[in-house]
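Below, chain A partners chain B and then partners chain C, in two separate complexes.
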Partner chain A sequence: MTKFTFPQSIKSRPIYGTLEARDGSAHLLVADAHGAEAILDVATPEMMAKAHIIYIPKGEHFEDKLRALKPALFYSGPSYSAAEPRLRKALADARMGLQVYLTGTEGLMGQAMNAAMAAGIPHTAIQTEHRGSVARRMQCVHCKGITEDVETDPFVCSHCGLNLFVRDHYSRRLAAYQGVRVDAEDPGNVPEPKGIYE
Partner chain B sequence: MSGAEKIAVTVTDIVPVNELVTRFEFKRSDGGLLPTFSGGAHTVVEMRDGDITRLNPYSLMSDPMDQTAYTISVRRDDQGRGGSLFMHTKIAIGDEMVISYPVNLFSLDLRAKKHLFLAGGIGITPFLAQIKQLERFNGHWELHYACRTQSLGSYVDELTSQHPNETHIYYDDQKQVIDLVRLLDGQPLGTHVYVCGPKGMIEWVRQTAAAEGWPREAIHYEEFLAPQPGKPFEVKLAVSNKVISVGEHESLLEAIERAGVDAPYLCRGGACGQCETNVIDYSGTFIHRDHWLDDAEHASGQKIMPCVSRFEGKTLVLDR
Partner chain C sequence: MTIQFNEESFRDDYSFYNSERAIKRFPFPFHEDSYMYSVNMEQHRGGPKDSVYEKRFDVDEHYISEMRDRAIVLAEDPLRCQSLPHMTLAGWDLLELIMVSKSEDYPDLFELHRDGNTWRWINKPLGIDDTFTFLDDATLPYGPMEYITRQAQGDFAVLDQRDDNLWMDAGMVTTQADWSLDFDIGMNFFEWHAPVPLAHEKGIFVRALKFLLNIQQGAPARRLNWTMTVNPLLDTSPENYHKWGIQKTTLTPENIGAKQHLRVELQTFFRLPRSNALVFPIRCYLCSFQDLMTVPKWGRRLHRVVRDLPVELATYKGFINNRPMMLDYLKNFDDGLPTSPGIWPDLETEPPLQK
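And then the complex of A and B:
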């Protein structure tokens, strides 16, 4: 399940597209796991000559294929947190004309978009394509802690331990969906967790 | 009454800037303070010239935080419909005039890390106010200003003496041209480009920036279109049940107003979208000149911007 059609939802829920090669002075591609497939689909030799790929494999094995594209710069790191200083440096050094492509999980795209926006790129000019896991990055509205890669609804906050309902309410600033206590009125009455889109 | 709210003002100063450009200063006739505005805003100046009332937009060039007076610069256009000539020849210090509240269709995007200003000729005026606004909070900006000749370079001396490091001047007669591709390519991420000047310059900057991979949201432009003269034509206003004729030298909007029909407007220059009017029926050809409607809307025959666009043909029925 590397491509998934998300059900229609509320306005704040991000909508992802399909990457397309655009003219630009440089290309920054950030991906995790199966996002590598979208890079393999969109890459052209012309783009790769001016490309910087930042990749977080998350256990997938696309690194050799990505290196074979011969990007000008290639980095592979264990987590977004590990890759972030490099991403911020790349953005800080970039000039106008840079094209940004984000692909993979929602959590990765959201956080990288956050960094790109902070660097001054309008969010509408940043391309995204979802691939791979449909897990979400969630913020607990009660303790404000972030739980990564949430696959079930409800789930247990990894910080305060409350049982949280997965909402579609999304914050671009936090790059996270909102998790709200599911058993506030009737403590202990927690529905059986199931997949977010089941 | 349509348009922005009005302010009664007195002309308190008139300064010839050069052969073509004259600066006018307005203060409130009641002695009060004018509203603050944001850099890039314009005011619509009412000109009562005999039987003709012209409403022309001019960019405010004074300090946006200075509430004591507004200044505008008017470039004389001998081929135009007479608004600039009226200002140049009929207006004297002490005259009472009516101007509109400031309206901004060319504001700074304050999320920008840097503001790159490209001006051509009289297109410098909105930038003069934007520069004053940015200077107040230490904004990061740079100006590239193309003028025909040294003697026609309005406010060049003021800009180069006050902001020598930010100001770059290009004189056409000395074959100096903005090296646009290089200029755009060197800009740090988060730069927004703003262009105000002749149509050709605006198109050049928009197309070059887009080709260099600049996001659409980071490209800002302002071009006030003056309504162009054209063949007279007749229009039926369906809602008010009137048939009016549009003269050679008046715009459709002016003809509608002359007939006593209150039609919405704001910029009167084809940019803001306020005067968008539905077409009920037509037989003929539209001469669309606005920046507001897209190509599909222009081709649809369903909408017209009466401030700048005209019509040639047998019948035109508007929902007004």
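And then the complex of A and C:
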């Protein structure tokens, strides 16, 4: 399953849409894993002639299909942080009329949106489409460390080791949801972890 | 009026206390025997003599100790004070507002002498006498917002206004009711209020935002908000929740009167002149249950409010587990008599407890 309907939530939680091809002077598409499928769905020859695709496969095998779209520029990298300097360069070089498309996991979209906002693009002008894993990028409110790809609630902070519950409160600036100690009022009483949407 | 400043702590041995005067002027937040969210805004244009509403920025007996506590929090976690780069001018606006207000409202405690852009600020309680150049960041030991809010009780959220919304783009937050500036900075009005239950559905935030966007210079507004805190702990931050959360489990029927505190926020809203930002001071007042019970009207009313509060709100405010013990205590101070409308203690007119 690469498409998932998120339950209704609080107002800080991001809402994702479905990518649509828009007129633009250039197109920057950033995706990880199953986000490739959303690019395959939205791509047109006209768009690809002016497109830069930045893709992080995360073990998925879509690279050949993406290359077959014949984007003007194609990059495949091992991780978001490896891809980030290239993404920031692309955003810094951007001209008026650039369209930005982000797709894949929430962590990827959040971080890439952050980079785009830092380059002066309003978050409301950026298209997003969730595909693939529903794991979250979590910030521990106590130690401030970020734990990537969190799939269960509660989970163990990869930095300070506290057991944290997964809130829906989301910070665009941090590109992360908030994790708060689950057993603060009853130390040691940690519920059995289960999937975030179970 | 000369204020006797308390020597007290808001952590460890919790030597915080309220004098009789402080109890009488405590901003009891319930104007009737029940509570539900509302846009309970009114103009902030003074109030009854010696009440917390009288001055623009209330200074009370806790001033010096609260500022000491703030310094401790900031030394441990400098992220409690942050200002996004475009908010520096709003910081100067805030510095001016507080210095002018305090020097006019408390001339025996604070002095501001202005000669063009050369300003001399004297804060007698804290022993500060600084001369600096207004709007020149290099002439102060901290940024302007941090400098002045290290000398002003209560938290401060400085909100940028754009796109018909308010954005939490700067703040000094060390006495908060469990929210994180570091996490919320940069969010808009609806986003930083996202975790609040029930109020979105009631349209509270849409109406509150409309009101706040229209606040004009020289016409500040105010409201009260409240929660519950075990021990007089100012820094009930999410950052430190893994340390203080356990204190909620230390209540017993014997100690609840002294340990359980009603925590009230006097929230005020001022438009700032140069930046058009809105500053949102959130001043925290704490009062133990046993001190509140010395006012018969408040005893009757607090029992009824806590008893009838919706479960969602008692959960959000973090005292759902302690509510039964609170009610066992509070019911002793409710004799069923009617209460007078409004928040004031009405000690002369309300009858003493009839049991």
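Assume the second predicted complex is superposed on the first by the 198 of 198 C-alpha atoms of A that agree within 3 Å, B and C clash if a C-alpha of one lies under 4 Å from a C-alpha of the other, contacts with A are read in each partner's own complex, and residues count from 1 in each chain.
Here is the rule we use: contacts are C-beta pairs under 8 Å (C-beta built on N, C-alpha and C of every residue); 3 or more make two chains touch, one makes a residue touch a chain.
This is a predicted model, so every value here is computed, not measured.
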Fit or clash - chain C, chain B, common chain A: fit
First (chain B), second (chain C), both or neither touched by A:E198: neither
Which superposed partner A:G120 touches (first chain B, second chain C, both, neither): first
Which of chain B and chain C A:R13 touches, first, second, both or neither: second
Which partner reaches more residues of chain A (counting touched residues only), chain B or chain C: C
A:D64 touches, of chain B and chain C: first, second, both or neither? neither
Which superposed partner A:D186 touches (first chain B, second chain C, both, neither): second
Inter-chain angle, chain B to chain C through the CA centre of chain A, in degrees rounded to a multiple of 10: 60
Smallest distance from any CA atom of chain C to any CA atom of chain B, in Å, after fitting: 6
Those residues of chain A which chain B touches in one complex and chain C touches in the other: none
Contacting residues of chain A [partner chain B, same complex]: 22-25, 91-92, 94-99, 119-122, 124-125
Chain C-touching residues of chain A, taken from the complex the two chains share: 10-13, 139, 141-142, 144, 162, 167-169, 171-174, 178, 180-181, 184-187
Residues of chain C defined as touching chain A within the complex: 79, 180, 182-187, 190-195, 200, 238-242, 245-246, 248-249, 321
In the complex with chain A, residue positions of chain B that touch it: 111-113, 184-191, 211-218
